[in-house]
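As structure tokens, here come the structures.
The two complexes that follow have chain A in common; it is paired with chain B in the first and with chain C in the second.
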Partner chain A sequence: MAKQHANWSPYDNNGGSCVAIAGADYCVIAADTRLSTGYNILTRDYSKICKLADKCVMASSGFQADVKALQKHLGARHLIYQHQHNKQMSCPAMAQLLSNTLYYKRFFPYYSFNVLGGLDNEGKGCVFTYDAVGSYEKVGYSSQGSGSTLIMPFLDNQLKSPSPLLLPAQDAVTPLAEDEAVDLVKTVFASASERDIYTGDKLEIVVINAAGLRREYIDLRKD
Partner chain B sequence: MSTSSVELPPKGGFSFDLCKRNEMLAKKGANPPSFRKTGTTIVGLIFQDGVILGADTRATAGSIVCDKNCEKIHYMAPNIYCCGAGTAADTEAVTDMVNSQLQLHRYHTGRESRVVTALTLLKSHLFKYQGHVQAALVLGGVDVTGPHLHTIYPHGSTDTLPFATMGSGSLAAMAVFESKYREGLSKEEGINLVCEAICAGIFNDLGSGSNVDLCVITKGHKEYLRNYQVPNHRAHISSKGFTFPKKTEVLLTKITPLDEKVEVIEAGDAMEE
Partner chain C sequence: MSIFEYNGSALVAMVGKNCFAIASDRRLGVQLQTIATDFQRISKIHDRLFLGLSGLATDAQTLYQKLVFRHKLYQLREERDMKPETFASLVSALLYEKRFGPFFCQPVIAGLGDDDKPFICTMDSIGAKELAKDFVVAGTASESLYGACESMFKENMEPEELFETVSQALLSSVDRDCLSGWGGHVYVVTPTEVKERILKGRMD
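The block that comes next holds the complex of A and B.
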């Protein structure tokens, strides 16, 4: 008898897209605010972005229950770090922690597709991109989620990422100014909302720079 | 004489020869490509003077929008229109086919087509194909016997109703109809109610979106209102535009001049287009 497969899945996909772009002295992290299941919208006003540390922000799409659990776990670990080291975790440190946390559940994964963005210890923008089980890479820009197949090729075209295999190792951060990068993100989400049914409603943009963290919202298509 | 066999014309209908192979492939993980479906909200209602049909304009292939402004209200006869939900190819093909059949029937009888004729032609075709032709239709029109509105399901069953909705957004639209519909609506009220119902589908159902199309049919007159409402605009247009400096690299250029072997005769009749 062929093995019987479960007719219940512990996972669900709540849709949505996230993007992060690293600049010379800033980092832009953005995600839409639509939470959906199947063909229904659960809410138009859900934040997929979480501040993990002063200069470190994570945006996650996928199964939001797992994302919430992951955010809680990382928040708790960060608090312990602060007590033990008397300082905030840097973005590269948080990046490694996230990778290890995801791989810890290698055989019952967090259904969470993450991009981590922030400033490193020198104040330069950095973006880390992940798969569901913790494989990660430092990149100049990335997108995850249902609209990523629509967004990524356009970012590749506009931000011209050099191949990570080239030596000497080239700087991946974009030479664009902060406002140009934010404009690019808005355009990219406007386009993704046109063609991806799971992306839309509102766009939440978080910008981290030397001055701190600022948040911006713009309306997207609601259909 | 050559011994090759003459190709017989296909017998018509569907060939199910590849079904077993497809099943085997699916088991091994090679799934067939998704069809273009019209995720869809389609509605119809009967008002004082006739029938109003409404539809959204989004066509999806999986979770991607493949057409942002497609036409889902199909012409069947001068006094009959049909909205289609389900697989786009199926709705197009079946409405096209019955449209032609109705026209031939009009020539044969010399009379205006009746809605029940279209209904019977559609339902018998769909029943014959046992639900494999995935077309869910809202058929409406005004003929000598008065205004009519019907829904037709993919397996061939039909309902005759004063107001109807079909498609993935049908629940959202029906919620509006059930709250606000009453008999004897005026044309204004009917149009507004249909727009509200379609908008409910557009904004609350992810399979429906973009614009509202309407068709108002009354005795001896019809109005096809394409894009009656356009409630969804592009969210953001960059003021400075984008440049695309990356050009395709030319790695190798090789030009082989061809020898002319054919003599071109200048005089002679031009080929018919």
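The block that comes next holds the complex of A and C.
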């Protein structure tokens, strides 16, 4: 007889979308605040964004229980790093740590689709995009989550990143100004909320620049 | 792999000011292999009515032949062209006839109705009509097309601006879909003329 399969899954998808855009001296990270399961909304006010270090912020969509565990793990590792090195982790360093942490659970993964955003050691914006098992890439912009298939083509159209295969190596950061990038993020989430049932309620935008970290909330469609 | 994803396709139709645009990609594939890069997915029914068929290419061709046949009969009997709304109902009825053994197609219908009012609609493979005032999408790239069109669409665009918008939306969307691409076919139809243009996009 055929092998019997479990009708219980350890995973669930809580929906939502995340976006990050890197600029010359800033980084914008945004995510909606809807937490859902199946066709139900659990809350309209859930933050998917987590500050991992001074200049490093992660937005994650997928299974939020795994996301919470991942954030806790990374926070603990960052604290140890600070004790050992007497400084905050840089964004590229955190990027590598996140990749290794995800791959550690290669055969029972964190169901977490992440974008990491922040400033590198020179103060330039950087965005790293991941899959669930830790494959990552430094990019100029990225989106993850239920609305990502709707959002990515439009970001491609507006921000077209140069190919990493080009020589000489071209900058991945966008020439957009900080306020233009924030407006683009608002437009993109307004469109995604129209067509994706799991995206909506409120939009949380985090902007990191030389001055520090700034948070903004915008209302989205609640249906 | 789903039967709807066997050949790969991308279709979009958008409404402008007294005009409409209907556009498709040009790839015909067999799962991951590309076998044609100049495939016509959009066909003219009459000067003011266009039909695009996404999904399984063989069903799209058969359905197109059946619809041309029915429209020609209509023209003989009524001595006039079919209105877009009527044609949409015809397509819907033909699809529902095969309710328990359907055509694996998703049609996009675009036409100019009475008073040159643009009409667009899409339906699922068993004929459930979706009338929209702004745009309709179909094919393997439909999710990307929803996102791109939703962000780029404006009401009452003139034909030239409509062409630009549809082209940008189509090319950005198919670039994120492995099964569609290899350029685009865009038809912009106004009460006086039909402009067919071919877009060059990423050839992969």
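Methods note: the second predicted complex is superposed on the first by the 223 of 223 C-alpha atoms of A that agree within 3 Å, B and C clash if a C-alpha of one lies under 4 Å from a C-alpha of the other, contacts with A are read in each partner's own complex, and residues count from 1 in each chain.
What we mean here is this: a residue touches a chain if its C-beta (ideal position, glycine included) is under 8 Å from a C-beta of that chain, and two chains touch if they have at least 3 such contacts.
All values reported here derive from a predicted model rather than from experimental measurement.
S.K.: With the two structures laid over each other on chain A, which partner does A:Asp45 touch: chain B (first), chain C (second), both, or neither?
M.R.: Neither chain B nor chain C is touched by A:Asp45.
S.K.: Counting only touches as set out at the top, which of chain B and chain C does A:Arg195 meet: first, second, both, neither?
M.R.: both
S.K.: Applying the document's definition of touch, where does A:Thr187 land relative to chain B and chain C: first, second, both, or neither?
M.R.: So A:Thr187 meets both chain B and chain C here.
S.K.: More residues of chain A in touch with chain C or with chain B?
M.R.: B
S.K.: After superposition on the shared chain, which partner residues are touched by A:Asp179: those of chain B (first), chain C (second), both, or neither?
M.R.: neither
S.K.: With both complexes overlaid on chain A, does A:Arg221 touch chain B (first), chain C (second), both or neither?
M.R.: In the superposition, A:Arg221 contacts chain B only.
S.K.: With the two structures laid over each other on chain A, which partner does A:Met152 touch: chain B (first), chain C (second), both, or neither?
M.R.: In the superposition, A:Met152 touches chain C alone.
S.K.: Can you pull the chain A residues that chain B and chain C both touch?
M.R.: On chain A, the overlap between the chain B and chain C contacts is residues 150, 157, 187, 194-195.
S.K.: Quick one: in the complex, what on chain A touches chain C?
M.R.: 147, 149-154, 156-157, 187-188, 191-192, 194-195
S.K.: Write out the stretch or stretches of chain C touching chain A in their complex.
M.R.: By the definition above, chain C touches chain A via 143-148, 150-152, 168-169, 172-173, 175-176.
S.K.: In their complex, what parts of chain B are in touch with chain A?
M.R.: Going by the criterion above, the answer is residues 39, 58, 60, 63-65, 68, 168, 202-210, 231-240, 242, 244, 246.
S.K.: What residues of chain A sit close enough to touch chain B in their complex?
M.R.: 36, 38-41, 146, 150, 157-158, 160, 183-184, 186-187, 189-190, 193-198, 203, 218-223
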